[in-house]
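Two complexes, one shared chain (subunit A), two partners (subunit B, subunit C).
On to the complex of A and B.
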């Protein structure tokens, strides 16, 4: 999704800039389109059911429990990565005086509230926030690419190294930015596409948008800071945004618009991730209720919040990047596994 | 056909016990030589001028008792006798009770003084219809019927709300268009209302929503018959109440509160422009004060340098941090608004002059607030009143302070976070089963569009 395009993914891609970055984008896009196509088509065979429900119903119990736990954990880790990075970004760029603990708490209080809403309501919120943010973000991207000071030579160097054999983690990072369709595992319950199959055209559009998005996020910072200079920055995109000026706007530094928009986008995507995580794991939790409210989702959100705020103090950004690399690499086999599991469920459904 | 005979003996002492004490209750005995009857009514709620023409005159012209009874039964507002409690209620709502020998007859002769149609002065339009509703429910029904000529327009009036006020509530809907789920929910909630006094549409609104403490209106309050007719055609349910020129419309979603009927009376692009203007106004009134605080106290580097300097120079004499300045001015502005609503119309302009001009000028000269702050407060106040439905504009007045609080505590991040929180809150609301705030995504059925 959009939020990852500026924080972790470009860092990892830029690390691989003389090591097949361009090729990995195309491989990632291809793989993701395949995953997208198969995953959605199988899910659409189970109308009005979530991924977890399907698994619970058709797969032997112990595998189902294990699988649901892993899937849910994956979504929570995704949310956690976004949060840890954005707490750090907020502290660095917006409010150096505010304790990261406080930032974490205010982020998570909103995210807990959002993640515990009903599925369709999280979608309404997502729509509104994206509709508000995307035009601005698009404008900033556009403005950054038509800047006359961008160094096309640096970008050419990336292309020269672009078609070497990429590392697995780079491909993982590119597929991560196509992660959005996995969220459909929950939203299958509320969205009724009224289609039996996902149109091929949609797959191509998604792939094309993703490729453009990734290319921008990789090449623009290199164009601004130079092929070697980019190595100096922890968050290349924010440093890039800070290099852009709006001479005629009444907010001159693009960085701040960019930051505030991205804080919004990241919070909503962390919310959606956590929401999907909760909705996935709730099928293997006891349905205990207290005054008509399920306790366990709230409990999990509290644990997750505590973990996130506290973990910030124990993990350095360097370690976060390392973890992210492992996580991204892990996503590739998980995509295959989840498709295999769904196919398996589908066969068991057909054969009784 | 005929009233039940055995009840007169029970009813008569009961009525005497209940009403003998009050001065406006009339117990009238008529005798024309052939037969007698007793008329009981409260003369302050009925049309007394008609009593003589409708009942007394024929009484002396008709010789036979049976014939007079038939005459009564042939009148338009004849009601059959049900039981004592209903009868007492009917008397209170303006019926005349006839006791002829052993039979009881009820005739509705309700009369209300307040039946003039008022000018629409809460939601005004330039080119639309100029009249609103009246305080009389029958007049209102008449107004609406004249705008919506469809046989499927259904009027249901078997609701009395409030233990003591016993106000008549009428449901109005187009039975072909209406969403039956919403209708059922509204009916359930009308039956559950447990308040002793309900007098205004806003109070009924409170009683009709399941969430007792809410910040945003989830039913629309309106006084415009054209809006009502328009909403009827969209399948919404109208809840009308005796004695108030406002009705409730349900379900109502966020966008409904941002539209004025004027939008439909203007050319397409003008209408769209007006809507856009309103959303810009909404954003300004919500975000400008908090944005000011966030910029001045946390991130002055955001602004371009000239602007930052000019704000800083206008703030040189101000001894407070920016949030105090903002809160001080906003509170003054709210006071002004409240004062000009409550003041008698003749003194109103004085308050605005004293408050707006003198106070604004003096505070900047005394160095209590900056000039830019005055501009901000003024634009917040103006843009707040752009929101066409009064209830929503009041809600937004309150929301602004939440955003301000978060921004004061956490800077611009607080502003972003609280905005997202606000969106989550709005999205979470429902209006009789309809999601309150949403854009395109629909689950299965598309709900009725903007009203």
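On to the complex of A and C.
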């Protein structure tokens, strides 16, 4: 949910500020809550099993293999997207002299290491990073809204156009914010909620937090840089963080604190995404071991790392942006498909 | 050696690789403020002035040493690059907090001039922007006696870090750029002038529209602008009771907001509420006449507010962003709204409601 600031979600929504951005947030939240509710409830019927295991067990083999490959690819793309964008942000804002190759290697070495850990351990890492980052990010979000130089009229213009018919890619981008619950497909194995159903209240809380988060990430940059002026910013949130002044903070320029926090958030998001990707795809790979260490997950991470660092040199920022749009649009049908597959598996389990 | 430890060593070695690219602090030259003037021997060129602070080891000593680098060129980026060859240290713009635009530059298309500043990643969006009169170079070369660090006195003027004055208007870079790009609002900048005590004074305001109309407000108008725009509450007001007598109010709290009525024949109603204390007066205050004094104070504010609003309207300038407000309440496409607003603005009428309270007469009656 936090990583959407890095993953071009604000920019896609800002492009739609003239075109039903507010409505798309609410549609996105509604759809995601529905997916969340159904997905979790079915998953909870299979305690201690990952999504991939369930699919492998109950679904005909060739569909299962294809499905698992696509799902795992989706997780890897999510990780790739965050990485490619963040390498570019690091190059642009932190040190333009550093070669993107080196930045990529630094990030990826941490991510590979994290992604190959056991599932429980990735959760601990996530917990630590979030514990450090969320209070500060929350404070920056809050600080950003109480500034007398913010233009509330520009924000109101967004609401004027907010309820026009939105584009599919905008809705897709908003659902990306709620992507986190799909990760539970793996963590179902290690977390035992001891519940048969998830409480409705939880769904509402997630939806509410998501809506607030998306509204902040859309509206605050517009308030700072204007309805017409925001258009030219490539990374609206980083430019907005630069426009926030914390007179009595440790550093007056919030940008650097913001960058530091987002290094943590991006790395952990990319790690978790890659981890879920690996854990999903390993069920259709041969379980070859060498000195008691599974080879294929390591192999996949190496391929992924190479692909990420090399792809940075071949894909322009504009193309990444276009790819992100396609990817976000693709997320919508995938949500439906994964629920259908799970329902199917549930039926087959009951009937034999 | 365990697997974990091996991975750790590999990671550690990789981290060492990242040490390139960063320069030590003594190899850098910190630009603290930057000025832009019109080039004297070139058409459409810029004269760029960089004020570079020289850090000194002893912090106790008042270190007011600085270098002023100037260069003329067709573009800002080129001028900065040429200057890089004229100083042995690496120019660092990370601490540049003041941009002074010469008053000649104000006649140009400012969104083009400011482009360099928003495009560069190392320039703070929270840098202050101001107009230098007569030109930027004069302003940057001034070293006020009160200054302990180069350009520091200029920074203290703004953002209420140092002085808190109703005559000083703060304009941040992001804020200025937004107003330059946003249709329906005109950008404004404080005017910085050298004064006769060897320091700087800021008491005026310059408004620049997208059609390159420039208007300079005088001190009183600037004060009124700040009150109306942000509800600035640190100002004094002289209220004349008759030809010879007057009293001065100091504000305690000011609220100012406006409402927009009747979209086809708009009426903009400003509501200003303030509570104040008497700071100075030529006569003894009579408690029974308090109502009368209040009324006088209200009338004074009303008159000067109306004068300012009408003057801006006459010049077709809109620094308050009524146009943006109009866009936010009207339906339709943005281009249409702007066209409608441009036709409407000359016919807008203003109403000013002032509600004053005089909370006390100070320490004496």
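To be clear about the criterion, the second predicted complex is superposed on the first by the 350 of 352 C-alpha atoms of A that agree within 3 Å, B and C clash if a C-alpha of one lies under 4 Å from a C-alpha of the other, contacts with A are read in each partner's own complex, and residues count from 1 in each chain.
Please note the rule applied: a contact is a pair of C-beta atoms (placed from the backbone, for glycine too) under 8 Å apart; a residue touches a chain by one contact, two chains touch by 3 or more.
Since the model is a prediction, treat every value here as computed from it, not as a measurement.
Of the two partner chains, subunit B is the only one that A:268 touches; subunit C does not reach it.
In the superposition on chain A, contact of A:110 is made with both subunit B and subunit C. Once chain A of one complex is fitted onto chain A of the other, the partner contacts of A:252 extend to both subunit B and subunit C. Of the two partner chains, both subunit B and subunit C are touched by A:102.
When the shared chain is aligned, subunit C comes close enough to touch A:229, but subunit B does not. Judged by the touch definition given at the top, the superposed model places A:160 against subunit C, while subunit B stays out of reach. Shared-chain residue A:260: touches subunit B; no touch with subunit C.
Of the residues of subunit A, those at positions 95, 98, 102, 106, 109-110, 113, 252-253 touch subunit B in one of the two structures and subunit C in the other.
Of all residues in subunit C, only 3, 7, 10-11, 14-15, 17-18, 20-22, 118, 121, 124-126, 159, 161, 172, 174-175, 177-183, 230, 321, 324-325, 327-331, 334 touch subunit A in the complex they form. Taken in their complex, subunit A has these residues touching subunit C: 18, 92-93, 95-98, 102, 105-106, 109-110, 113, 148-149, 151, 153-154, 156-157, 159-160, 224-229, 232, 239, 242-245, 247, 252-253, 293. Chain contact summary for the complex, subunit B toward subunit A: residues 298-299, 301-305, 307, 406, 410-417, 419-421, 423-425, 427-428, 435, 437-441, 443-444. The touching residues of subunit A, counted against subunit B in their complex, run 90, 94-95, 98, 102-103, 106-107, 109-110, 113-114, 117, 120-125, 127-129, 131, 190-192, 249-253, 256, 260, 263-264, 267-268.
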